[in-house]
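Following are the structures in question.
Shared between the two complexes below is subunit A, which has subunit B as its partner in the first and subunit C in the second.
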Partner chain A sequence: MSDHLLNDLSLFAPETAITLTLVAAILADLIFRRTPLVVAALVLAGFVVTGLLLLGQTGVNASIFTGMIAVDSFAVFFKTIVVLAGILVVVFSMESGELNSPGRKLGEYYALLCAAALGMMLMAGASNLLMMYIAIELSSLSSYLLSGYTREAPDSSEASLKYLIYGAVSSGLMLYGISLMYGLSGSLDLRAINRALPQVLSGGGAASFTLLIAGVLALAGFGYKISAVPFHFWTPDVYEGAPITITAFLSVASKAGGFAMMIRFFKVTFIDAGAVALPAGTWATLQGFHWVDLVAILAVLSMTIGNLVAVWQNNLKRLLAYSSIAHAGYMLTGVVVLSNQGLAAIMVYFGVYLFMNLGAFYCVMLIADKTGSEDIDEYKGIGGRSPFLAVALAVFLVSLTGLPPTAGFIGKLYLFAALINSGWTWLAIVAALNSVIALYYYVRVFRNMFLRTEEPSSPGITLSWLQNAALVVLLVPTLLLGLYFTPLVQLAQASVRLFGTP
Partner chain B sequence: MEIAGIGILSWITFLPVVGMVVVLMLPKEKKDWLRWTALVVAALQVVLGAFLFMRFDRSLAGINTESGMQFLEKFSWIDVRSVSWFGRLHIEYFLGIDGISVVMVLLTALISFIAVISSWNIEKSLKGYFALFLLLDTGMMGVFVSLDFFLFYVFWEVMLLPMYFLIGVWGGPRREYAAIKFFLYTLLGSVLMLLAMIALYFSVNVYIDPAGGLHSLAEAARGMGQGWEKIYTFNMLAMMDPGNFVPGSLLAGVDTSMRYLAYGALFIAFAIKVPIFPFHTWLPDAHVEAPTPISVILAGVLLKMGTYGLLRISFPIFPDAMRHFAWELALLGVISMVYGALVAMAQTDFKKLIAYSSVSHMGIVVLGMSSMNTQGLTGAVFQMFNHGTITAMLFLIVGVIYDRAHTRGLNEFGGLMNQMPRYAGAMTVAFFAALGLPGLSGFISEMFSLLGAFQTFQTLTIIGAVTIVLTAGYMLWVLQRVFLGPLPEKWKDLTDMNGRETFMLATLGIIVIFFGIYPAPILNLMNSSLNTLAALLQHGAPAAMTSGM
Partner chain C sequence: MEIPLSYYLCLSVVLFVVGVAGVLTRRNAIVVFMCIELMLNSVNLTLIAFSSFLGSITGQALVFFAMAVAAAEAAVGLAIVIAIYRNKRTVDIDKINILKW
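Right after this comes the complex of A and B.
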């Protein structure tokens, strides 16, 4: 037994590392009150160590703590995304003028960032409904606090409160769904539920209707985390009000955790283990519960509404919030196809989304720190005054649109390929047409940056070497992965394995 | 054919990128250095183009065989080994030209060169201008030399963003509207092309040997080598062999509704670019707002990418759908011809008139290629070349007068014949070439197109032929309004063309006259390719794939 536990603990090392970082950050904050950079450096180191420990888990396929958490290549991939986002966001936070205003204590900020990351990493691995719920709550509670961290800004408090209220409602719904699921199957473990479900479903209409309700309620919890329409209402306000660093973190890491958890929930719980004669790499869901159609509807709604509403936004943070809703929609299409190819496509998409979305938010942050505004109208003439920054932002936005030769194109290509290959042609057409709408609002930013000029008096934005270096670090993969994407695709293809599924 | 270990087609395609890097490193105050860098790059492209022209083997057909393609370059670009549930992803960097593409490569080199000279008097952020211009150049060249659909698509899209900025930053008063309209229209087409491309990818299987060579399924059936692996492919030539389609796949079979759908998606993508009625509405805006050199590129090269795409991709891959919709294609061509000419006649803005005349003239290309016979196809491809040179002249002519008078209103001019004699000469040549006067190049290509089309669609061709009269009408009317009658007082001090302008127009003018009298050098280039394409379109059975595909 103790052998088991020791083994489990060694597989839990990345999470342990981030927890220790959290504790160390709080302690360091007590000692180095006057120099917040010490805490930042400590947390950065903690994230890097966590990342290295994750690298050591390549190829592991296990379940730890009596089935509470799965450690498989799928979870490791999403944890890596969370950690990479964490590293970049810590760097952003060190640079952010908004956060580093005089008199603000940042010790708790970094500690909460670690807590949120821990929650998201647990979300990626949780294979028990209760564990899932705890993971969601851990990441959400930290996120509520973080999004209200600049509390003197009125938007920030509003954002935090809205986030809390929506979060409370959706986790309440999810908890209700979990209780129904437990009532039906008598278990909280995903695999045990899966084994119990065929018998439940054979019980007839009432049972399968209850299951549908339970599934929809659980979907509300996931949909809230990945900000899919119609659970997206918090997103624009929170993204606009929160500090940009936190917005960036939520838009990537929180989505990654949410997607990982959602995929695991649907794939492990509702897979039809007895299905025969399926092409390699595809699976069937249990008869009697049509969650695929539900997810397809969510995908179409998220893409279309996210993109159409983004067209009308004037605040770039808000615009990126709606665009992130649309991106959640694109990625949801990868869930619909029920194949490893779809999963790999989502992972490829996350791999590129990490760089392009964080890059876009970083540029917005650098500009907002200087101009004090995120209004698109304030971007006039930036292309002439700060060419490198403007070109970098343009590259990230082009990549978000999905035009070659940027990485965003590869993400779209893989998703569309998965859709067409599995016969979801109409969904591919909807997604493709949506990227044309998306172009329209991204181009508004180009237009203001390059096509319109302001009175020449306004000064250019000068960047420190660290800021330039951070931009280059984000730019290189955004461009390189568009021209040579073999490593990313190989990594994604190697990471589709979920514990407990064939 | 290699220079310094790199194939000549790579050189001609990526030289502009090298130039772009140089431009970006130069200080922005050194305006002449920037201009000369661009000019040297464009001149080198012309030299390479001339080299291609001389070394091109006129007897090889190309179209759907690799052995018929020339100046081949082929490397593995993306290679992701297969996993149990997903085949191996193999994308090639595959360049090669045949009789259709070589004409377009020559045209691109020539027009880019002229456009650089025409950019000489641009002053606003010159560094950004030439960087984007050269990137655009690479995109255009790449489209014409790619034989891998994925590579083709990347080049096709690379060209979008520079064009958006070139119109949007350096354009006229309504440039923002024109630029975004161009961008959205083209992207709409491209995403449809992307979907068709993916559908084709999952429908076509070939075998790959350990050395990376592709083999058609028929070849594999005759005898497989060691370690051959079955893969999906983006190779265009493999897509042209019906034998490579996986039975039961999305686009397998002949005349299925999915094939029509994919053909339709590709058609919209290319038709927007041409532009064919009713997808043409972006063109007048883009042309009117674009600065002169960019109008020249737009009309001279970009529009050809649409018709080239139809000839290179849509027709050989979907000959069945092409035959099925040939009449509709011809009809759209005729509507574009007549409609473009009628709208052009109503214009008082000089540049808008030329823009609509482009719609009309590209309609002739579409009508010609819908004929499915050698004459019609020859006419179409030759008309693509001629329209490139003639319309480039026309836009330069508009630019010359606009630079001096700062207006394009046709009704404001008059009596310029004596005021600007050299200008009058150049304009007369260009206009007569555009209206199809025998002895100038436009006549030959229009004649071939109509002759070819008449054999297939008699009524439509007769209706379309009316355009010749309409074109003569609006073209001569322009000449009359600009050159004849009394000279208004305010134009008394207009100067004639300077040396730079004369050089550009004279170069193009000589080409127009030369190919009008002696078109054989161009026709010889494309003859065997178009014979093969016509046979493929008429009989549907392409020549068997030769070994070592």
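Right after this comes the complex of A and C.
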């Protein structure tokens, strides 16, 4: 028994490391009150150590703490995304003028960032409904506080209140779905529910209707985390009001955790384990519960509404918020196809999304720190004043659109290939049309940056060497993965294995 | 006489709907939080009823966690409401509207 527990604890090492970092950040904040950089460096080191510990878990396929958490290559992949986003966001935070204003204490900020990252890492591994609920709440509660961290700014506190109300309601809905699922199957463990469901569904119409309601309610919780339409209302407000570093973190890490949890939930719980005569690497839904149609509707709505509303935005942060809703839609299409190819495509997409989205937000942050505005009209002539920053932002936006030779193209290519291979051609066409809309609103930014000239008084934006280095670190993968993508694709294909599934 | 499971479930559905309706219609942020608590507590009632009916304790374990999380959520929520009150001198949701569309 104790051997068992020790082994489980050793597999829990990355989460333990991030928890210790959290505690150390709080203590360091007490000692080094005047120099927030010490805490930042400590947290950065903690994230790096967590990342190294995650590297040591490649190829593990186990379930720890009596089935509460799965440690499999799927979870490790998404945890790595969360940790990489954490590292980059800590670097951004050290540079952010918005956060480092005089008189602001940043110790708690970094501690909460660790707590949010811990929650997201637990989300990626949770294989029990109880654990899922706790993980979602841990990451949410920390995110509410982080999005309102610049609390003297009215829009920041408003963002956190809206985030809190939407979050609390959707987690309440999800908990109700969990309670119904527990009532139907008598268990909170995903695999046990999966084993119990065929018998429940054979019980007749009432049972399968209840299961449908439970599934829709649970989907509300996941949809809120990944900001899919119609659970997206918080996204633009929170993304606009929160400090840019937190917006960047939420847009990548929170989404990664949410997607990992949602995929595990649907793939482990609602898959017909006894289905025969399927091609390798594909699965079938349970008889009597067709959740795939629900997810397909969410995907189409998210892509279309996200992209169409983004066209009207003048604030670049808000525009990127709608674009992140649209990206959630693209990635949801990978869930619909019910195959390992689709899962691998989602993971490739996340691998490139990490760099291009964080990069775009970083450029917005650098420009906003100097000009004090995120308005697209204020971007006039930036291409002439600070060419490197403008070109970097242009590359990130081209990549978000999904044009070659950037990494975004590879992400979309694999998703569309997975869709067409499994016969969802109409969904691929909708997604491709949406990319065209996306091009339209990104081009507006290019036009302002490079083709419009501004009043001659505006000064250029000079970057420190650290800011230049951070930009290069984000730019290189965005371009390189567009040309040499085999390693990422192989990594994703090797990481589709979930614990407890064939 | 034993009360059947369906009575508990109906009561919790009613409480849950009251909570959701309150969140949608009430304008005071504090009252909205109270309605959210009502939603969570109706879920707790469902879980305890199922747990007792099925004779398994996992549901009750989840209730303990849900109560702890609800308490944390209330603490965070009230802190955020205070922050907003200091900025705007109101907790009326209709007047908290800088960010839209």
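The rule is simple: the second predicted complex is superposed on the first by the 502 of 502 C-alpha atoms of A that agree within 3 Å, B and C clash if a C-alpha of one lies under 4 Å from a C-alpha of the other, contacts with A are read in each partner's own complex, and residues count from 1 in each chain.
The definition used in the following text is that a residue touches a chain if its C-beta (ideal position, glycine included) is under 8 Å from a C-beta of that chain, and two chains touch if they have at least 3 such contacts.
As the structure is a computational prediction, the values presented were derived from the model and not from experiment.
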Practice prompt. For A:G281, select first, second, both or neither according to whether it touches subunit B, subunit C, the two together, or no partner.
Written response: first
Discussion item. Tell me the contact category for A:E240 with respect to subunit B and subunit C: first, second, both or neither.
Written reply: second
Practice prompt. Return first, second, both or neither, reflecting whether A:L403 touches subunit B, subunit C, both chains, or no partner chain.
Written response: first
Worksheet item: Is A:T80 in contact with subunit B, with subunit C, with both, or with neither (first, second, both, neither)?
Response: neither
Practice prompt. Tell me which partner A:S251 touches in the superposition: subunit B (first), subunit C (second), both or neither.
Written response: neither
Item to complete: Jot down the residues of subunit A that show up as touching in both complexes, subunit B in one and subunit C in the other.
Response: none
Fill in: Complex contact set, residues of subunit B against subunit A
77-81, 83-86, 89, 125, 153-154, 157-158, 160-161, 164-165, 168-169, 175-176, 179-180, 183-184, 187-188, 191-192, 194-195, 198-199, 201-202, 250
Response to the item:
In their shared complex, subunit C is touched by residues of subunit A numbered 129-130, 133-134, 137, 141, 144-145, 148, 151-152, 154-155, 157-162, 164-165, 168-169, 172-173, 175-176, 178-180, 182-183, 186-188, 236-237, 240-241, 309, 312
Worksheet, complete the sentence: Note: in the complex, subunit A contacts subunit B through residues 279-282, 339-341, 344, 384, 398, 403-405, 409, 412-413, 416-417, 420-421, 425, 428-429, 432-433, 435-436, 439-440, 443, 446-447, 450-451, 484-486, 489-490, 493-494
Discussion item. Help me check something: in the complex, which residues belonging to subunit C touch subunit A?
Written reply: 9, 16, 19-20, 23, 29, 32-33, 36, 39-40, 42-43, 46-47, 50-51, 53-54, 56, 58-59, 61-62, 65-66, 69, 72-73, 76-77, 79-81, 83-84, 86-88, 93, 96-101
